[in-house]
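In the two complexes below, chain A is the common chain; its partner is chain B in one and chain C in the other.
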Partner chain A sequence: MNSFEDAHIYFESVSYKYPNASINAINNINVSIKKGQFVVLMGANGAGKTTFCQLLNGIIPHSVGGMLMGTVKVAGLDTKHHKIAELSQKVGLVLQDPESQLFTGSVKSEVAFGSENLGIPVNELRDRLEWALKVVRLEQFIDRSPSALSGGQKQRLAIASVIAMRPEILVLDEPTSQLDPIGSYEVFTVVKELNQKYGMTIVMATHHSEEIAEFSDRILVFDEGVLVGDGSPKEIFTQKELLLKTWIREPQVSALANYLKQRGIDMPEFPITVEEMEKYILELFQYG
Partner chain B sequence: MQEPVIKIENVDYYYHGNVKALENVNINIYRNEIVGIIGQNGAGKTTLLKNLLGLLKPTRGRVLIDGIDTRKLSVAELAVREGFVLQNPDRQLFADTVDKEVAFGPQNLGLPEEEINIRAREAMEAVGIEKFSTVYPLSLSKGDRAKVVIASVLAMKPNIIILDEPTTGQDYLGCMQIMQIARKLHEQGHTILIVTHNMSLVAEYTDRTIVLCKGKVLLDGATRYVFTQTEVLKETYIIPPQVTQLAQRLRNKLDISPKALTVEELGDEIIAKLNSRRKKKLVAQ
Partner chain C sequence: MSMVQYYPGKTFIHCLDPRVKVVSLFILTIVIFLITNFIVISLIFLGTLIFWLKARLPISILYFYMKILAVLLVILIAMQALFYPGSTIIFSPIIPEVIPLLGGLGKISKEGLIFGLIISFRLVTLICLMPLITFTTSIEKMALGLIKMGLPYTVAYTATTALNMIPILQTELGIIIDAQRLRAFQTFEKGTFSQKVKAYPTLVIPLIMGSMRRAQSMGVAMDSKAFGASKTRTFLEDITMQKKDWAFMILVVLFCITGVYVNFSGFLGIFN
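Our next item is the complex of A and B:
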């Protein structure tokens, strides 16, 4: 499972303690993620999801300090030995609150800022700007002030400013928790496209099990800093005990399948989407 | 007929005199209702709340709280009738201990010391934070910080409690705890308004749902009814909870009620349908 060979993200015996903390925020994490995988991090607040995200672009340990044990490699780079500036060209990080990530006066300068600082030539910069805004569907807002955008648009702008640096890995820490349903949908759609069309490796912390059930490949479950679950959405959402222990809410249709199972009714297969559940229930009535 | 505790009558609201945020809104909320208010950002939810709290006064029409026009009451007078829990608890916390935070409101009412202490203690007990009474509020977990805010609102003994996006940024545990508190307060006789984007939460915890869209009331009725109006909900991109969607898909094929709101409800109906089918099969054999 934890092979180094084709790993795009590789954690070996990783433990980390924040400065002045008495216990480790994450403990002995071993995991490897392949290029192009869509991985979701789940677990209660304080379980270690944000720490995991910040380890990926070197904010931990370079900016935050603290004590890091073990090895974190992203796109072949050991994060301990490479600066954040270098790592940020491989790994883009989008935060929970887009407001905290936006600071310039226009959409254009916001998106260009990161690449400008990398010393990218003007022509290339223009191409990247165009591409990034097109992917997040904000082309028409190029001259607008970020403060005049909706929540979902702001978060997409934050994504654009990160992907303009052409990272291979996109990390999103609860990107939709402050958005309304339309805004969340827009962000999920963009992230899904970056994964499927551009092959970007995605790591996303989220509580939205229903939205991710369809298009994530793998869920990592954290509990008090320990990796306690690792599997496909179907594998994770069938484990009722794990879900209860770690306070993860499965998609409602999976909850329904678990409810029926407890009462002696087994679905032909385990559902994670409404379409699947409809199909399985109809089969049940046909043959049951 | 009982008088509504909140009466919103023909209300229009314009920002800067010309940006329309609410249009001809009419809503009556009765004592001890538990109501969900949903709609996208920009639908007018916050403007509506500010009008209820007297922070804004209607451009046209009026808002009556306990029968009194909000124009005739100060925000402080309204705060005794309506408790307001903000989306981000951290913007509402400022004292250095939990008990001081909770006691702050009643102190400002000029109540005797003894009464203040009783109220603070009762409010902390109601949400289960008495063990944190001497702790610095911002050092608590996000779920517990939200409980401190609810307690400080309860200490004012308002009948109406308004929760604005109470579960945003909360994990499932935090969510469940806050909603259990809301349910308990409802059972104790409070009138509860919950503004939220979380549809399964509305389905599970509220009796009535109001859908706002572009400043107007798009739907207002029993939650069970509102979520069956899929076509109308689509207008404002609201998708009912998965179980409700599933029940609606199964409606014609299996003769299942399209109104299920919870996993248990739909699960029990499926089991009943399966059992009666099996019985029929046995009889036929």
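Our next item is the complex of A and C:
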């Protein structure tokens, strides 16, 4: 899996220590992610998810400082030797708090901000603005003020402002943790579409197990800065011990399946989505 | 009632190029400080009022400013009337002039009174003129204007971001006050002055900590969007000088030159 050639994101023995910190925030990470993959980062708070996200677009080490060891390559660029401005056209970063990522007076200028900074010609700016707002379904809000939007809309605006810079990789650091269920659903739908329709590589830190099971290809589990789990949702959610150790909640259907398993009712395959569970339960009723 | 609020609109003064507005305000301010000619100041004042009405800005704000200014204006006029070295005495001194130091106090001269009135009028005109510009220009437009006039855009953006932060900080302050009230903290409502002063850190420290955290994550977001990366930054909503902008600018400059000339030539003046 760690073949260098087809990796879109490539970490080789990466350790990182924040300035003035005594221990490493992440320790000896080796991972490679293919183009178009939907990867989810899980783990308790302080496990290293945010550090991992900020390593991807060069915020670490360029803005934050600290001591970075090993190699991080995104879309062929070594983050140590390329500026954030260059990397920002390859990797877009969406943060947790929607409010602190929006700083201009209108939806329009918010989306244009990044591309303006890059000096993109005005004609193309307009095209990008239109496209980005269409993808996140906020076309009708183009002249509004960001402060007049709901939480879910604000976070989708933050996504639009990032994808307007046309990155190949979209990194989202707990984008839904401050949103209500409807807002979260809206954000997940947009991210899923960016992955499936536009082939964007997605790296997302989140705690929403149900959505992960449905959308993602791969889960990376972090525990105190160390990568302790790497596999498909099915592989990860069946590892009861790993989940307990890292405080990860499995999808409710998986919990039910585990419970049934203990009671001696075996599933043909371990379910992680409601649809799979529905199929197995129907089978159980038919033959049981 | 802040000086930086923006009242959206599509009137002539709203649509004027921000550069023209800034430069006009600058020139007119200098002219107002330079001249004492009543008629020229009146013309500036009338022009300001007309644009104020045309831009559909609330007149109540002017009324509010005048109420605040009233005391200052009265003091200003009184000071000039009493101490201006005028020759036409309309009110003789309370203290006879033979007494040293305090002698002649209470004397009011006609020239002093007129000069005090003109100074007050200048101040009133200026106070009406400045918000006419800030109320009809959005923060973004103003920043764009200043950038086009040579201000580095990193500086302009820092300033606009700070201004955009004000409403967010107000909301946050409200949340902190509510949180304190919920825990039966009543010092800000019922406490004595010294208790209130002592309680302020409980309000200010969480506010500062919160805004520092926010600023940090804002910095990450701005850096991620290549802030300050390119020297040749482009602008989605660019501004270009239209014919009407040039016309207005030339008009203001011509008016100012004429005004200053009239003032110093003594023509139309009440006194030289």
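The rule is short, and it goes like this: the second predicted complex is superposed on the first by the 285 of 288 C-alpha atoms of A that agree within 3 Å, B and C clash if a C-alpha of one lies under 4 Å from a C-alpha of the other, contacts with A are read in each partner's own complex, and residues count from 1 in each chain.
Quick note on the criterion: a contact is a pair of C-beta atoms (placed from the backbone, for glycine too) under 8 Å apart; a residue touches a chain by one contact, two chains touch by 3 or more.
Model, not experiment: these values are computed from the prediction.
Enquirer: Touching A:Ser63 in the superposition: chain B (first), chain C (second), both, neither?
Expert: In the superposition, A:Ser63 contacts chain C only.
Enquirer: In the superposed arrangement, does A:Val122 touch chain B (first), chain C (second), both or neither?
Expert: After superposing on A, A:Val122 lies in contact with chain C but is clear of chain B.
Enquirer: Determine, under the contact definition given at the top, whether A:Gln140 touches first (chain B), second (chain C), both, or neither.
Expert: Neither partner.
Enquirer: A:Leu93 contacts which: chain B (first), chain C (second), both, neither?
Expert: Touch status of A:Leu93: second partner only.
Enquirer: Per the contact definition in the header, classify A:Ile84: touching chain B only (first), chain C only (second), both, or neither.
Expert: Only chain C is touched by A:Ile84; chain B is not.
Enquirer: Identify the partner contact of A:Tyr185: answer first if only chain B is touched, second if only chain C is, both if each is, neither if none is.
Expert: A:Tyr185 contacts chain B only, not chain C.
Enquirer: Go through the superposed model and pick first if A:Ala112 touches only chain B, second if only chain C, both, or neither.
Expert: Once the two structures are laid over each other on A, A:Ala112 reaches chain C alone.
Enquirer: Going by the contact definition given at the top, which residues of chain A touch chain B in one complex and chain C in the other?
Expert: 96.
Enquirer: Which residues of chain B touch chain A in the complex?
Expert: Going by the criterion above, the answer is residues 40-42, 141-143, 168-174, 197, 199-200, 237-239, 241-243, 245-246, 249-250, 253-254, 263-264, 266-267, 270-271, 273-274, 277-278.
Enquirer: Chain C touches which residues of chain A in the complex?
Expert: 54, 57, 59, 62-63, 83-85, 88-89, 92-93, 95-97, 99-101, 103-106, 108-109, 112-122, 125-126, 129, 147, 158, 161-162, 165
Enquirer: Quick one: which bits of chain A touch chain B in the complex? Just the residue numbers, please.
Expert: Listed in rising order, the residues are 43-46, 96, 150-151, 174, 177-183, 185, 207, 210, 247-249, 251-253, 255-256, 259-260, 263, 265, 274, 277-278, 281-282, 284-285, 288.
Enquirer: Going by the contact rule at the top, pick out the chain C residues touching chain A in the complex.
Expert: Per the stated touch rule, the residues are 138-140, 160-161, 164, 167-168, 214-215, 217-230, 232-238.
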